[in-house]
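Pasting the structures here.
Okay, so chain A shows up in both of these, paired with chain B first and chain C after.
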Partner chain A sequence: MLLDVKDVSLSLKREGKYSKILDQVSFHVNNGETVGIVGESGCGKSMTALSLMRLLPDKAKLDGEIRLEDELISSYSNRKMQKIRGNQASMIFQDPLTSLNPLHTVGKQIEESLLLHTSLSKQERRKRVIKLLNDVGLPRADELIDEYPHQLSGGMRQRIMIAMAMACEPKLLICDEPTTALDVTVQAQILELMNELKERTRMGIIMITHDLGVVAEVCDRVIVMYAGKVVETAPVEELFENPKHPYTKGLMQSIPKLGIRKQMLGSIAGTVPSPENMPAGCRFADRCSQAMDVCKTNVPQMTQVKKNHKTACWLYENKGVKKDAAAGSEQPKTAFYL
Partner chain B sequence: MDALRYVFKRILLMIPILIGISILTFFISNTIPGDPARLILGPKATPDGIEELREEMGLNDPLYVQYGRYVNGIFHGDLGESTYSQQPVIDDLERYFPATLELTLFAMLITVLIGIPFGVISASKKDKLPDQFTRVFALLGVAMPAFWLGLLFLLLFYLKLGILPGSGRLDNGVSPPDMITGMYTVDALLTGNMVAFKSALIHLILPGITQAAVTIGMITRMTRSSMLEVLQSDYIRTAQAKGGSENRVLYGHALRNGIMPVITLLGMTFGHALGGSVLVESVFSWPGLGKYAVNAITYLDFPAVMGVTLLIALLFITVNLIIDTMYHLIDPRLKYN
Partner chain C sequence: MPLLEVNNLKQHFISKKGFLSEKRVVKAVDGVSLKVEKGKTLGVVGESGCGKSSLGRSILRLVQPTEGSVKFQGKEVTDLNALEMKKLRREMQIVFQDPYASLNPRSTIREILEAPLKIHNVGNKKERKKVIEELVERIGIRKDQLNNYPHEFSGGQRQRIGIARALALNPKLIVADEPVSALDVSVQSQVLNLMLELQQEMDLSYLFISHDLSVVQHISDQVAVMYLGKIVEFGDVERIYNHPMHPYTQALLSALPIPDPKQKRERIILEGDLPSPINPPSGCPFHTRCPFATKECKEVVPALEEKTDNHFAACIHI
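Up next, the complex of A and B:
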């Protein structure tokens, strides 16, 4: 197991009060595997990524355990984390237009990772940067290296971001909506590139997206998040063919299908509850058409419904197991490991 | 090459600006009420005497003739004769201007060395103790009038403690270094005259800090707000994700992006300080251009007023040019055109 995330909770201070953004999120990533995290805006998927990298705002409270290659990195000091970031674990962000420093050349920005984490000489670094640019499919690398981000197109900039993230051959690559800001043809190229890099390096990838098309394209396994909690996890084909959680079903129904003319796309009524007003029971209960009495009061636990397929929903909960009515966020520590 | 062409073009552009400024100041100073001839001759002058002097000074010629004569003089290095000091204006400027320039440059140096780091620290430790400290510091600097602060400094460091000199540019008995730029510290360094250098530097401290107090406050606050904005940027997060230390992110990525508005403000305060140094110069008996300019205005000494105005305008334009060139050096997105 490359990455093991266990019961990670995150609270951020907003207007003087802590509110819980992530609630006991657990999942894992294997070498050479792409794990998708999907969910709508504000479900905590980006915050999950930033928690892994520990790139959080000043007043953040992070609990739980994060292990990277069996190292408990959640206990690392900030200084020790700096050695992990960009080295064993690196990250690609959503908007390549704003994620590159406008005043530094492309080469300098890629080189910085090498400067920080390797002992290569100046010439060796330059050679490596040119190789990286070639690896991510950029032409005329030896000129590009001295150009500035504003001279490049969006797709090229995202390739630069990928080259930057790949500089130190990370074991884990976290991609936060890497294709959202790009146009569709470029999206496909970038996804293909990431698949290719994964095959070549056997790194693990976390792909954060709200685009189920992207999930289908690159992911091996999917984690569905809702309101700061994991609600379903399954291999990608299984999830698309056989979604269990009513929220996941809703997501699937909202995908337009080619050749099928529908009156209206499926949508999920209602809105996501805010972190300040989380319901006592299942967080999706208010929007769920199949909600039962138990859903309003008791938090469902992750339950195995099939091999490698788990969901947190009372519809599938083993009726024999009695749960504490006021469970709330104080669930047993093994919640996701049934 | 592009940069050189840009600078050259900008220097050419300075010519029409300077012509415009000279026309404006010439006509304004010559059309305001008051008769220089009457002022020179004093209250007991006879009308005939005044008329004779006006004729002699060329004040009865049409304004454009007077202006033409003046511009012609400029090209021959002649800015006229000061009616107050009875000296060629160019000589007066040469005597007083270096003192003001030295003081202003010194104050700017202090401003940059203190203001920018304070602003950066303030932004990186937002709402924490260092931020509160620099906030108070900046507020005090901006809020205290220069002449009052100057007097306080004199009282404390000169009168009570006696550790710093309170007036003039050099100690008694120390002779000025050989004239090269007219700025004593620079000249002393260039000629290796360490006695004069030490004396000149010590004399700069109090007036320099007094002059810098306001600008330090402004630059600190400007740096802070600009840095706070930059620190929210996506590329700062990218730099952190690469594993850069806090200082590396702050000084390697954020500062260069955040410095632009600070440089603009620095340029503006530089011009402001040059023209407005009269208060500090009065408090510390600094033989500079500020006092000369005030005297010139009081005595309707047109040639002197013109000379001072043109010189400050020239300097202001030059500083602007330097700042614009710096923009282009810092930000590759700006093209030279």
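Up next, the complex of A and C:
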């Protein structure tokens, strides 16, 4: 197992009060596997990624265990974490324009992690950067290396971001909506490149997206998040064929499908609850058409419904078995303040 | 007679960098012709920078078109004076992409919805109140929320308010410029459902501008595919999606990720990005990325021609 995330909870301070953004998020990633995290805006998918890399705002409270290659990185100091970032684990962000520094050349920005994490000489670094640019499919790498981000198109900038992330051959690559800001034809290029890189390097990828199409194309396994909690996880084919959680079903039904026209789409009534006003029971209960009494008061736990397919919903929970499991499991294992 | 008929519409912008540098012309819309029938939806798809939003704006004369004709119910729109144009605007309205930026944060929903009625002197205060209350009820917002401000609503609700504002004057045509792009999928479907219902009830016509191919497929009767300011393919939605003719449309459709992991397809991966509209390629605008481009494509500008029954494409090789 490459990455093991166990019961990670995150609270952020807002207007003087802590509110829980993530609640006991658990999942794992294997080598050479792409795991998708899907959910709508505000469900905590980006915060999950930032928690893994520990790129959190001040006064964030993070509980739980994060293990990367059996190292408990959640107990690492900030300084030790810096050795991980960009080295064993790196991240690609959504908007390639705002995540590149406009004042530095492309080469300098890609070189930075080599400078930090390796002992290569200046010439060796330059050679390596040119190779990286070639690897991500950019033309005329030896000129491009001295150009600035504004001289490049959106697709090229995203390739630069990928080259930066790949510089130290990470074991884990976290991609936060890497193609959302791109056009479909460019998105297709980037997704193909990422699949290619994965095949070549056997790294594990976490793909955060709201686009179920992208998930279907590149992921092996999917985690569905809702309001800061994991509500379902399954291999990609199983999830699309046989979604269990009413939220996942609702999501699937609300996407327009090719070949079906002008019919009413499924939709989910209501809106996501805010972190300050989380319902006591299942967080989806207020919007769920199948909600029962128990859903309003008790938190459902992840239950196995099939091999490798788990969901947190009272419809599938063994009746009466773990009813008050939620109350007993609120024991933070490690806590630190940043 | 079609409700809207656009002929050879051009929208050029002049971009001047610095004091002495020469003027450069951005041909955002470069000779577009299309028709929208009553009660139907024409979808306009294309990637960013292809000129689809400029097309919507110049049809409504929110920017003055450089050249060409726009006929609404048989009447030429481009040379109307301000007063006549104001009258005509009751018939053609717009819904914007960003529901956060398109509603005035300092006005209540009641004020926002009343504005178009006031501008066009519709009814007295009491009548207007009734119209507004019917409107919000139709879009699924409670009457007692009318005195709330935009920030108190979610993105989906705000977009529905934007639609209600466009509907307040009972228009015949709505230009919807990426109306669901800023919304999450479950909310997007609510807005699409509302638009479809309203179309049936009020016999509305939509010019639906979007980069999202599956959304356009869902809502449109006919589709126009734009590339660098030109329509490269036009036809009924089934024809375009099942038998795309133009290489660009083919690549665009094959690039669309399909939410079904079992469906593995042959992809046409295009090289490079959209060229800049300031310096568009000679000949066919797509020839720089086209897998089938020949020498001729660099020289000849292909015209949009009817290739089969009601199916138009601009490519010399079809």
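Simple rule for what comes next: the second predicted complex is superposed on the first by the 323 of 338 C-alpha atoms of A that agree within 3 Å, B and C clash if a C-alpha of one lies under 4 Å from a C-alpha of the other, contacts with A are read in each partner's own complex, and residues count from 1 in each chain.
One rule holds in what follows: contacts are C-beta pairs under 8 Å (C-beta built on N, C-alpha and C of every residue); 3 or more make two chains touch, one makes a residue touch a chain.
Note that the coordinates shown come from a computational prediction; the quantities given were computed from them, not determined experimentally.
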item: Partner chain in contact with A:Lys307 - chain B first, chain C second, else both or neither; value: neither
item: Touching partner for A:Lys122 - first (chain B), second (chain C), both, neither; value: neither
item: Partner chain in contact with A:Leu212 - chain B first, chain C second, else both or neither; value: second
item: Contacts of A:Leu103 with chain B and chain C, given as first, second, both or neither; value: first
item: First, second, both or neither for A:Ala188, with chain B first and chain C second; value: second
item: Which of chain B and chain C A:Glu112 touches, first, second, both or neither; value: first
item: Contacts of A:Phe240 with chain B and chain C, given as first, second, both or neither; value: second
item: In the superposition, chain B vs chain C on chain A residues touched; value: C
item: Touching both chain C and chain B, counted on chain A across the two superposed complexes; value: none
item: In the complex with chain A, residue positions of chain C that touch it; value: 47-48, 154, 156, 184-190, 192-193, 196-197, 211, 213-215, 217-220, 237, 241, 251-252, 254-263, 267, 269-270, 272-274
item: In the complex, chain A residues that touch chain C; value: 40-41, 153-156, 183-189, 191-192, 210-217, 219, 236-237, 240-241, 250-262, 264-268, 271
item: Chain B contact footprint on chain A (complex, rising order); value: 53, 55, 79, 82-87, 90-91, 93, 95, 98-104, 112-113, 116-117, 148, 150, 161, 164
item: Chain A-facing residues of chain B, complex; value: 233-235, 237-245, 248, 253, 256-257, 330-333
